[in-house]
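Here the structure is laid out as C-alpha cells; the discussion comes afterwards.
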Amino acid sequence: MPREFGGAGADWPTVYQAVRILARADSALAHLLGFHHLQLAGIQLYGSAQQQRRLLPQTVAQRAFWGNALNPLDKRLIAVPSAGGYLLNGIKSFASGSVGADWLTISAWDPLANAPLIAVLPAHQPGIDVQADWDAFGQRQTDSGNVRFDNVALADELVLQPASRAPTPQANLRSQVAQLVMANLYLGLAEGALAAAHGYLRDEARPWHASGVEAATEDPFVQHRFGEFHLLVRPAQLLADEAARALDTAFRRGGALDARERGAVAVNVAEAKVLAHRAAIEIGSQLFELTGARSTAGRYGFDRFWRNARVHTLHDPVDYKLRDLGRFALEGRLPEPGAYS
Amino acid sequence: MPREFGGAGADWPTVYQAVRILARADSALAHLLGFHHLQLAGIQLYGSAQQQRRLLPQTVAQRAFWGNALNPLDKRLIAVPSAGGYLLNGIKSFASGSVGADWLTISAWDPLANAPLIAVLPAHQPGIDVQADWDAFGQRQTDSGNVRFDNVALADELVLQPASRAPTPQANLRSQVAQLVMANLYLGLAEGALAAAHGYLRDEARPWHASGVEAATEDPFVQHRFGEFHLLVRPAQLLADEAARALDTAFRRGGALDARERGAVAVNVAEAKVLAHRAAIEIGSQLFELTGARSTAGRYGFDRFWRNARVHTLHDPVDYKLRDLGRFALEGRLPEPGAYS
Amino acid sequence: MPREFGGAGADWPTVYQAVRILARADSALAHLLGFHHLQLAGIQLYGSAQQQRRLLPQTVAQRAFWGNALNPLDKRLIAVPSAGGYLLNGIKSFASGSVGADWLTISAWDPLANAPLIAVLPAHQPGIDVQADWDAFGQRQTDSGNVRFDNVALADELVLQPASRAPTPQANLRSQVAQLVMANLYLGLAEGALAAAHGYLRDEARPWHASGVEAATEDPFVQHRFGEFHLLVRPAQLLADEAARALDTAFRRGGALDARERGAVAVNVAEAKVLAHRAAIEIGSQLFELTGARSTAGRYGFDRFWRNARVHTLHDPVDYKLRDLGRFALEGRLPEPGAYS
Amino acid sequence: MPREFGGAGADWPTVYQAVRILARADSALAHLLGFHHLQLAGIQLYGSAQQQRRLLPQTVAQRAFWGNALNPLDKRLIAVPSAGGYLLNGIKSFASGSVGADWLTISAWDPLANAPLIAVLPAHQPGIDVQADWDAFGQRQTDSGNVRFDNVALADELVLQPASRAPTPQANLRSQVAQLVMANLYLGLAEGALAAAHGYLRDEARPWHASGVEAATEDPFVQHRFGEFHLLVRPAQLLADEAARALDTAFRRGGALDARERGAVAVNVAEAKVLAHRAAIEIGSQLFELTGARSTAGRYGFDRFWRNARVHTLHDPVDYKLRDLGRFALEGRLPEPGAYS
C-alpha cells in the first residue's frame, strides 16, 4: 500500500515475493496475505480518490484484515436499490479469508443494470453470516466457504464500481493482481515441495538396493528427475518475476492505463501462472518417486504440496489460459478482460 | 486356490479381475484381498507338498485371513536356530493386512546362513505384537504398519523356504504374483477415478463460462483430455490381462517352470505395472482439471484416488522397472529375479 | 481377398501384419501394399455382387495393382451424368499409388446429387493424367500426387456407390480399413526405428565419456529411455492386433453389419492409431538422443523414420481422434461415420 | 570482439541475439557466425596478451573467417614436439566451418603430456586437407566434416594452451561460450518454426472439416497447442538472455574469474540449453500437427527445423545436462568443467 495512505510502500514484486516465500511453508496463510493485498489493490483500482483516502488509512489504523467475497461466477447475491444504497440478499461462495476478516470486498448482482456491482463492507455488519463451511481437501486454512447476506444494507459510498459503469482498463487490472497472487502461491508450493524432497533425500532416504550407489542423491534417476524439477521451477520464477515488474508498472499508470498495456500484462501473468501451476502439481506429485514409500508417513505431511496445489490451481481452467496464450501467439489477440483473464 | 485344497479353483485372471474391480471402489480392501491370495500363492510356490496339504485346507476350514510381513528390504527381524526351529526377534515394517490377520507370511534374517528364510506363523501367537501404527496418507485401511516379534518360536515345519535353499524359478514367481496384484490395484484406481470424473462431469459440472458450450461434456478440451485418460487406461488393461494369462500359465507349470519362462512373465508384469502406475497417478491428479474447483469438496472424496495411488505406487521405484524393460528391449536381458523384479 | 474370387484368403490380421512388417523396412512400399488391399476391400464393401465377381478375379488374373484417388476432402473432380454413366473432369490430390497403378478407386463430386460417388477406373484410360508430382519430405515412393481427369468416361457399372445412395454401415467400414492400414504403417515405422536404434547402440555407439560405463547399452539413461520406447510400442501392438481382429469380424458380417458394431470397430481402430502415431513420431525423433551425433550421417538414413512417420501421420488430425475417443469414453458416443472416423 | 583489437565491441548478449535471429532463417549460417565468434573468444580466454594482440587485429584486417577443429572427444590428431613447436598428424572430425575457413582452432593430443593442447593454424597451410565430407541430414551448410593433417608444422607461438598447463576457470569458460551459441541456435530454430507455423496457419491452412470453425486459427486444439509452443519458447528466451548476461559478466572478469563464478554461469547456460533444445525439437516436429498434410510439400521446406535441430542438439547428450542440473539442485554441486559442461 502506498506510503501516502499509511502503507509501507512496497512495490508489487516485493508483495509477490513475500507471498511466494510464505507459500513455501504455508500456502493457505500465503493465500490470505495475498488476497488481503488484492482487496487493497481493488480499492485503488476501482475506488474513487475519496474512497481510497477513507478506506486505506483506516485499514492501517485498525490493522484490519480483508477477505474476498467476489466470486464473479456465483450470481446468487442480489443487490436491490434502496434509499442511499442497496439491500443485499443471497449467498456468495469461495469467499477466501472470510473467516476472521474485518472487511470484505463483494460483488453482487444488480438486476436492474443486469450486471454486477463491486463494493466493500464491514464483515461484522448485521445480516452477514460467514459460514466457515469450507471443506476442500486442500488450502484448508483459507476458509474459502460460503457467506450469507440477509437484508444487509450497503451504502452508496461503499460501492467501488456501480453495475452501470463499464470497467476501465485500470479496473480490469484487478483480475491480474489476483492471478499473479495465485501464480506466486503455486510457485511457493513448488519451491516448498522441492525443498522437502531435497531435505528428505539428503537426510533420510536410502538408495534403492538395485541402484548400486551409496546415497539416494547419487542415484542417476534421482539426479535426472531432480534436474527436471529444477527446470519446472526456474522458468516459472523468471516469468513470475517479469510479470510482477510489468504489473507494477501498469499499476502505477493508474487511470492512464490503456487496454493494450493491460492486455500485455495479462499475457505475462498467464505465462507465469501456467508454468507455476505445472511446477506445483508435477513436483507435488512426482517428488514421491524420489523419496519413496516411507516418505508418505503422516508425520512428514508431504502430501500437502499436491493437495494445496491441486485445490488452488482449479481457480480457473488451465486449458483456457493455454487457449488465450495460443490466440495471442497466433493472432496477437490480447486476452479478453474479465474476472479470470 | 485349487479345488483339491478346498478352494474355488479360480484362475489368476479371475483373481486379478476381482482385485481390480474392488479397487475401483476401495483400493485398500482390494489390497487386502490381493495380498491374502498372494500369501496362499506363496504356500503353493515355496511350500512342500505337505505344507500345502496342511495350510491350504486349514485356511478354508477356518476362513482364515492372511497378512504379509515379508518386506525383504527390512532385515531387522532375526531368526536364530533353536530346538526344532527358530527363535524370532525384531521388527518388520510395511506389514500389509497384519491387523486382523489370522496368519502371517514372514521373512526373517538368518545370520548363520547370511540370507533370509520365509515362513508362516499364526498371527496371534505369543510374542507377536501387531502395532497398527500405519499412518501414511493413502491406502489407510491396509494397516501396513509394524509388527514386533519378541522371542517368537517358529517351528521348522512352518518354514516354507529355509535360508540355505536357493530360490527356484517357481519360488521366484511369488514376486510377480505380488507385482501383478499391484498393477491391478493401480488399474482399478485409474478406472475408479475415470468413473468418478465421468459421473461428475455428467451430473454436476458446469461448463466453463468462456467455453461457449452448454455442457461440460461438450467442452473440446474436456473431450480431448478424456480421450487421453481413455488411452492411459485401455493399454494398461490389455497388458494386465495378458500378464495375468501369462502368469497363470507359469503358475501351473509348478516346479517345471524355468528361469526363462519366469523372466518372460516378469517382463509382461513390468509392462502392465508401469502403465497402470501412470494411469492411476495421472488420472487421479488430472481429473480435477476437468471437474473443477467445486469437485474438491470433502463430500466427494475424489482426492482418494491420487492419495491411494501415490502411496501404493511407491512399493518399488518405477524408474527401475523402466530400466529393466530397457535392458530387456536392448539386450534381451530378463529381469534379475528378486523380491521386486 | 477371399478364395472364392481367386485370392489367398488371408484374414485382416494377416494382411495388417504384412503391412507392419514391411513398414519396418520400407513404409512407402508398405503403404502401397496396404492401399492396394484397401481398394479391394472397397469393392467388397461398396460394390454389388456382380461388380465383385467381375473386378476381383480380374485383379488376380491380370496381377493388377490398385491405386487410390479418393481423397474425400478434395472436391475438384466433378462427375456430370452422361449417356450410360458420367463424364469426369477435374483433379484429385493425395492419390497414393497412382503412379504404376492399373486400376484406381476414385471419388467424384456429383453436382446434381450434391454428394460424392465412388467408382473404379482403369488407370490408363484416355484422359487420365497421373502427374507424378508428389514432393513431400516423407513417404516419397508412395507417389501420392495429383491425378487429372479430362473428359474421362465412367460407365455406370464401374460406379460402386452412387452419390444418391446413403452409405450403409458396411460401406462405412472402408474408412476403418484405411485407418488401420495407417496404424500398422506407423507401428512398423516405430518398430523399425527401435530396431535401428538397437542395432546402432549395440554395434556402433560409444558410451558418453561422463557416463562411467563401458558400453552405450549400459548407460542408465539409455536403458531408461529404451524402456520408454518399449512402452510406446508394446501397447500399440496389442491394440492394433485387437483392432484387426475386431475389423475382421465386422468385415465378415457383410451387409448385416450394424452401426453400433461398426462404431465399436472405429473406437478400437482409433485407439490403435493414436498410440501407433505417437510411437512412430516419438521414437523416430528421440532415438537420436541415444545414438548421438555420429548417427545422423547420411549413410545410416535414420531420419527416414521421422520423415515418413511425420508425413503420413498427418492424414487426419490426431487431436480429432482424441476428441472422438473422449466423446466415446464420456458419453458412449460412437464416432460419426465418415471418411476419417 | 573488443574495440581495442579493432572489433565492434559488441557484448555477448548482442552476439547471441544475432546468432538467434539469424538461426530463425538459416541455422547453419548462424552456426558458422557463432562459431567464428567462439574461436575469437578462445583466443581471448586461452591466449597470451601477445597472442591476442597479434591474432585479433589480424582477423579484422584480413576479414578472416575462423573454423573449429577442436572436437575434444576425437583424439586422433597427434602433436609430436618438434623444433620450435610441434608436428601434427592425424584427423579431426566435426570440424564446423572448416570449409571456407582462413584460420582454424585445433586441439591435438600431446602423447608426452598425455593431454591435449589447443592452438590456432592458418587453414591453408600445407598438409591441411579439409575434406568437405559432412553428410548429416541437418545443418548441412556447416560443413562439419573431417580435416586431415599430414606433417603440419605448428609453431609454439600459435599454441594457446599447452598440454602441460591446467586450464584456469577463465579458460574453462570457452565451453560455456560454445554451449550458449548452441542454445541460441536451437532457440532461433524454435522461433523460426513457430513463425513458419504461424504464417502457414494464417495464410494457407484450411480448418479441419470436423472442427466446425471457419479458420484454422480458430480451432480450439490449434490454439491450445500453439499456447504450448509459446510456453516452450518464452522461458527458453528468458533463460538464454539471463545466461548471456551472466556469461558476459564472467567473460569480463578475465583472469580473475574463479571456479565458483564459472560454475554458476555453467548452470545458467545448461538451463537455457535444455529448454531451447526441447523447444526446437518439439515445435519442429509438432508444428505439422497444426499445419497438416499439405504443409509437408517440398516447396515449404518445413522439415528443415526438425532436421537442423535434431542434428545439432546431439552435440552432447541432454540427459547429462539434466543430471548436472539435478546434482546442482540437490547438492549445490557445480558442473565439472570440461569441454561440454
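A, B, C and D are the chain letters, set down in written order, and residue numbers restart from 1 in every chain.
Keep this in mind: a residue touches a chain if its C-beta (ideal position, glycine included) is under 8 Å from a C-beta of that chain, and two chains touch if they have at least 3 such contacts.
Every value quoted in this text rests on a predicted model; they were computed, and no experiment measured them.
Asks: So which chains are sitting against subunit B and subunit C at once?
Replies: A, D
Asks: I need the pair from A-D, B-C or C-D whose contacts repeat those of A-B. Over half of the residue-number contact pairs should coincide.
Replies: C-D
Asks: So the centre of each chain is just the mean of its C-alpha atoms; given that, what is the distance between subunit C and subunit D in Å?
Replies: 41
Asks: Distance from the CA centroid of subunit A to that of subunit C, rounded to the nearest Å?
Replies: Computed value for the inter-centroid distance: 50 Å.
Asks: Where in subunit D do residues touch two or more of the other chains?
Replies: 220-221, 224-225, 319, 323
Asks: If we count contacts the way the header does, which residues on subunit B are in touch with subunit A in the complex?
Replies: Residues in contact with subunit A: 73, 94, 135-138, 208-211, 221, 225, 281, 285, 288-289, 292-293, 295-299, 303, 306-307, 310-311, 314-320, 323, 336, 338, 340-341.
Asks: Can you check the complex and tell me which residues of subunit D touch subunit A?
Replies: 194, 198, 201-202, 217, 220, 222-231, 234-236, 238-239, 242, 271, 274-275, 319, 321-331
Asks: Under the touch definition given earlier, write down the residues of subunit C that touch subunit A in their complex.
Replies: Answer in residue numbers: 220-221, 224.
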